[in-house]
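Shared between the two complexes below is subunit A, which has subunit B as its partner in the first and subunit C in the second.
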Partner chain A sequence: MVNYLIRRLFQMMVVILLSSMAIYAIMNLAPGGPLSGINLGADRKSRLSPEEIRRIEEFLGLHRPLHWRYIVWLLGEDWLDEVGLKSLQRTSCREIATECTRGVIRFDFGDSWRLAAGQKVIDLIWFRLPNTLLLMTSATLLSLLVAIPIGIYSAVRQYSLLDYAATTFAFFGTAMPVFWFGLMMIFIFSGPRSPWHQVLGLPYLPTGNNFSLRPPQPGSLLYVLGATPGSPLDRAVHLILPTIVLSLLYMAGWSRYTRSSMLEVLRQDYVRTARAKGLVERVVIMKHALRNALIPIVTILTLEIPGIFSGAVITETIFNYKGMGRLYYDALQADDWPVVMALLFITSLLVVFANLLADILYTIVDPRIRLE
Partner chain B sequence: MQRDGRDILLDVRDLRTYFFTEDGVVKAVDGVSFHVRRGEILGLVGESGCGKSVTSLSIMRLITPPGRILGGQVLFDGIDLLKLPEPEMVRLRGSRISMIFQQPVSCLNPVFKVGDQIAEVFQVHEGVSRVEGWRRAVELLRMVGIPDPERRAHSYPHELSGGMAQRVMIAMALALGPELLIADEPTTALDVTIQAQILDLMRELQRRMHTAIILITHDMGIVAEMCDRVAVMYAGQIIEEADVQTIFTNPQHPYTRGLLGSIPVMGVVRPRLDTIPGTVPNLINLPPGCRFAPRCQARLEHQARLGNRCLEENPPLIHTGPGHQVRCWLYP
Partner chain C sequence: MATAELQAEALLTVREESYLLIVWRRFRRHRVALMGAVILLAFILIAALAPWIAPYDPYAQNLLLKNAGPSPAHWLGTDELGRDVLSRLIYAARISLAVAFVVTLISQTTGALIGAISGYFGGWVDNLIQRVVDFMLTLPLLPLLLTISALLSDVTIPGLTREWSSVVIIILVLSVFGWMGSARLVRGVVLSLREQTFTEAARALGMSDLQIVIRHMIPNAMAPIIVSATLSLGTVIILEAALSFLGFGVQPPVPTWGNMLNNAQADMWTQPFKAIIPGFCIFLTSLSFNFVGDGLRDALDPRLKR
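Then we have the complex of A and B:
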């Protein structure tokens, strides 16, 4: 086991290094470069001259060859001083900052270029992360809570009416684009002019954002509940729609995984043995079968961990929810490369570690598996 | 022999279990009748796919869809199991009737320790605590000849050999001293030497606990060694039933004779063992007459006397001697 972990850690380091190269290369080899959009939408007066653009390039270190930029991004600039390569440091580091960057390898992702220009990327992430964790864990928990019982029922009563209904629902959930479904939910439930409020007279939901900035309007759910802007209740109400949209999407997958895993297990000889020794059907299903059927579910769930951190780009964007997904979307829109690359790098780290965790958990939930 | 005598433990009458598949109705068990006396070992013999396992699962009422028990009676100690409400049937399983199977390792739940799996029987049927159940599980493991039972109880099924796993299954099945044990090919998946050990163990425990056993097998050697009486099945029906002596000395059905001809006899040199030509008929489209007729050599030899009767009419099971029944137009 220890040997295995040591070997795995070495492999993981190689994978992370390769993925850092890939992330950097993909961003930098894309045509145009980060400053190509700088004059878009600018009128003649505020247009930047080529000289000014060149100065910005030097300031950001973009005039250096790709491999030097990669090394600086990965390992930082503070050490260049000590090895006598101070000239390779960016202007911003040499002339303005009191401290040069320490590289993504030491979790220094540099400063944001445009979204929050001059702020540390890591601060931006720390600020957004709790929102995303809240949204993703509630969506994941809600979907598991609903989907696992549905999956069990669908397997135990295969081809029953409810099984067909669940299957139809699952296909609907998977096939339906989130951007459309999210908009439909907003259309139906959000705002004073929604059919939910107009036709049914029920309190409407907020259209988006994480919390209200103004006191709630009469007719809204926030008003009915008397939620003060920024309170936990206010935030919870804002979570309702994005959570439902995401949960429905996840539910579709989880119920199918559970169903097929359970169907597989129910065919096994040990289920027949459990019945033959006089267990009631409920115990046969919920103890002997489910315990085995959950083994692959635990693995898939572990592999979802990176997603819980990196958020749901489309859903967060639709609902203007200030999480990691929305941050990624905004950073891409704004050509804010340090932010984009930080998010990609962190996600790749999480993917690698989640894989290791899945393998370790596997040995715990399935006694047949030993890591050699 | 009186069929309704007081020593009859299990009386299966005209049992029919069909499987409703997309290809058609598979008549896996089609009018099977036999009985088991207290403390005896009945061999249920036949080729693969003749309905032996389905018969035993029907007795336990463990047939799952698309299978269904259509009719007949399974009288266990005078109670018709097929009419018993499910909760009472559940109480019976594992306590008064238990079962062991062909693939012992895959019959044990891979994620629970074997000690817990045996203890569960005591917990469910006698309501004892887990600790007490575990203690008795260790005792059982000792009884079935597992060395170092305290440590072995902590093993998971995949850590056991096939023979060990079957001993665990036997321990689990005999935990509450059942009156009937159904052993569905218990040694088929095991090495020959292990086979002998398991059979010895079963016979020893059977004598000690006075448990009746239905031993399902296709191995006539095991039948000769273990059984008191034999029922031979073919294509979902019993075609001959007799005590073990009679079956070996005076087999009457051509199929039984074929089965016996296909085992080697010590000291008799034969260029090759006899085989029964052809295969078991498709249980969806059964021939209208005797189900063995298409493969039957005797039918051809006695064509003059029997005519086409064998192909047109299924013979009834008739008595040809004390306790000897056969389903064949050659008799009487």
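Then we have the complex of A and C:
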């Protein structure tokens, strides 16, 4: 096991290094470059001279040759002075030593260019991370709470009416474009003009954001519940629709996985033995079968973690939910490359670690499997 | 004795059925798949006949009639530049379906070839290709697609306008990140076929490796390839729509269901059908591709059934 882990960690480092290169190459080899559009639409007066553009480049560190830009992005620029490469540092780093970036490897992703110019990217991410974690956790919990019972039922009563209904639901779930589903949910349930409120007269949900800024209006669910802006209750109500939208796709997939895994286990001899011993069907299913059926689910769940994170890009964008997905979308819109690269890098870290976690969890839930 | 003779006689008179006929018979039994196929056929017909069906030019603006509601002249009203929504919807079917088909064709063909080479040659070739596939599968797909299309959004391909360049770029980007699945699939099939006698016979007859791969390996892997291609069509439809919806995909004025949905967002409560219909088209095509794929899986090879 220890040997295996050491080998795995080594492999992981190689993969992370490669993906950091890929991310960097994609961002920096694309035609144009970050300053290409800077004079677009500028009139004669506000047009920047080549000298000014050079100064901006030196300020942002774009004056370095491509390979040095990558090395600095990865390892930081604070050590450049010591090896006599002071000219490669950014202007601010040359003047104040504490302004130097310390590189992705030390979790310093540099400063944001546009979204929050001058702020550390890592601070932006730390600020957004709890929101995304909250959304991911609630969506995962909701989809598991729905998917596993559906999966069990479909397997135990295979080809029953409900099994067919679940199959159809799974197809709908996988084919559903998340962005449209999100918009439709907003249209139906959110805001005072929604049919939910207008036709049925029921309290409407907030259209977006993580919490309200103003006291709730009469007619809204927030008003009915008496939620004060910024309170946990207020945040929970804002979480309802994004959670439902984000969990739909996973519900569909996971109910299928549970079903097929459960079907396989129910065919096993030991299940027949358990029944032959005269155990109640409920015990056979919940205790003997389900435990084994959940083994593959655990790994699939772990492998989905990065997927949920990137899936949240669309959901968070539609609901204007201030998490990392929305940050990613905003950074792309604003050409804020340090933020984009940081988020891509973190996602690929997540993927690699999720893979390792899945393998380790596998040996824990199924002791028959040994990692060589 | 007598019955055995009768059966033997009956066997002689039974008409031989072609493989395609058997597949069609099995497929027909799958009601939902059949429905999906009919819906897709309708969409494909609409897309192919767009210039004859569409009541207006999808690009013709009528600034005197902006954001109009439904009327006898404009069944689904007009958009923010006074263009006929129904005509744009019809032409959007063209773009969305064409993108999906071209991407699937490119990615599945390259995937199949790469997979076949990987499985057939084995050794270091296989190892290298599989590591590349593993690596590409670790890359986060949606954020990466968004990033690349955002970066390439200013690029114009010589001879094309900016918005048509965006169509070509989306096709390329989606193809580059779409081949891994079919490569894995075909590799698996080829690994098992490689050891079979007919491959040995082909080699003994003096066929070259490439000929064996193209003439024997890929045709034998056709059933799973067709299934995966059909399912991939549904995925590509959604991905392209997502990119266009977020503003990084196909650029207006070229209509796709994704960017039409983006346009309709603003007036969602006053004219909801303008947001409901394009999204429903995306959903319906993607759902139909999924159903047809499932039906084909059962029809082409019952052993593949999940």
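The criterion applied here is as follows: the second predicted complex is superposed on the first by the 347 of 372 C-alpha atoms of A that agree within 3 Å, B and C clash if a C-alpha of one lies under 4 Å from a C-alpha of the other, contacts with A are read in each partner's own complex, and residues count from 1 in each chain.
We adopt the following convention: a contact is a pair of C-beta atoms (placed from the backbone, for glycine too) under 8 Å apart; a residue touches a chain by one contact, two chains touch by 3 or more.
Predicted, not measured: the structure shown is a model, and the values here were computed from it.
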| item | value |
| --- | --- |
| Which superposed partner A:30 touches (first subunit B, second subunit C, both, neither) | second |
| Which superposed partner A:356 touches (first subunit B, second subunit C, both, neither) | neither |
| Touched partner set for A:18, first subunit B, second subunit C, both or neither | second |
| First (subunit B), second (subunit C), both or neither touched by A:340 | second |
| Touch count on subunit A, higher of subunit B and subunit C | C |
| Which of subunit B and subunit C A:288 touches, first, second, both or neither | first |
| Which of subunit B and subunit C A:186 touches, first, second, both or neither | second |
| Residues of subunit A that lie at the interface with subunit B and also at the interface with subunit C | none |
| Subunit B partner contacts - residues on subunit A that touch it in the complex | 268-270, 272-280, 283, 288, 291-292, 295, 365-368 |
| Complex contact set, residues of subunit B against subunit A | 60, 62, 87, 90-95, 98-99, 101, 103, 106-112, 120-121, 124-125, 156, 158, 169, 172-173 |
| In the complex with subunit C, residue positions of subunit A that touch it | 15, 18-19, 22, 26-27, 30-32, 36-37, 171-172, 174-180, 183-184, 186-187, 191, 193-194, 260, 306, 309-311, 313-314, 317, 328-329, 332-333, 340, 343-344, 347-348, 351-352, 355 |
| Of all residues in subunit C, those that touch subunit A in their complex | 135, 138-144, 146-148, 150-152, 154-155, 234, 238, 241-242, 245-248, 261, 265, 268-269, 272, 275-276, 279-280, 282-283, 286-287, 289-291, 294, 306 |
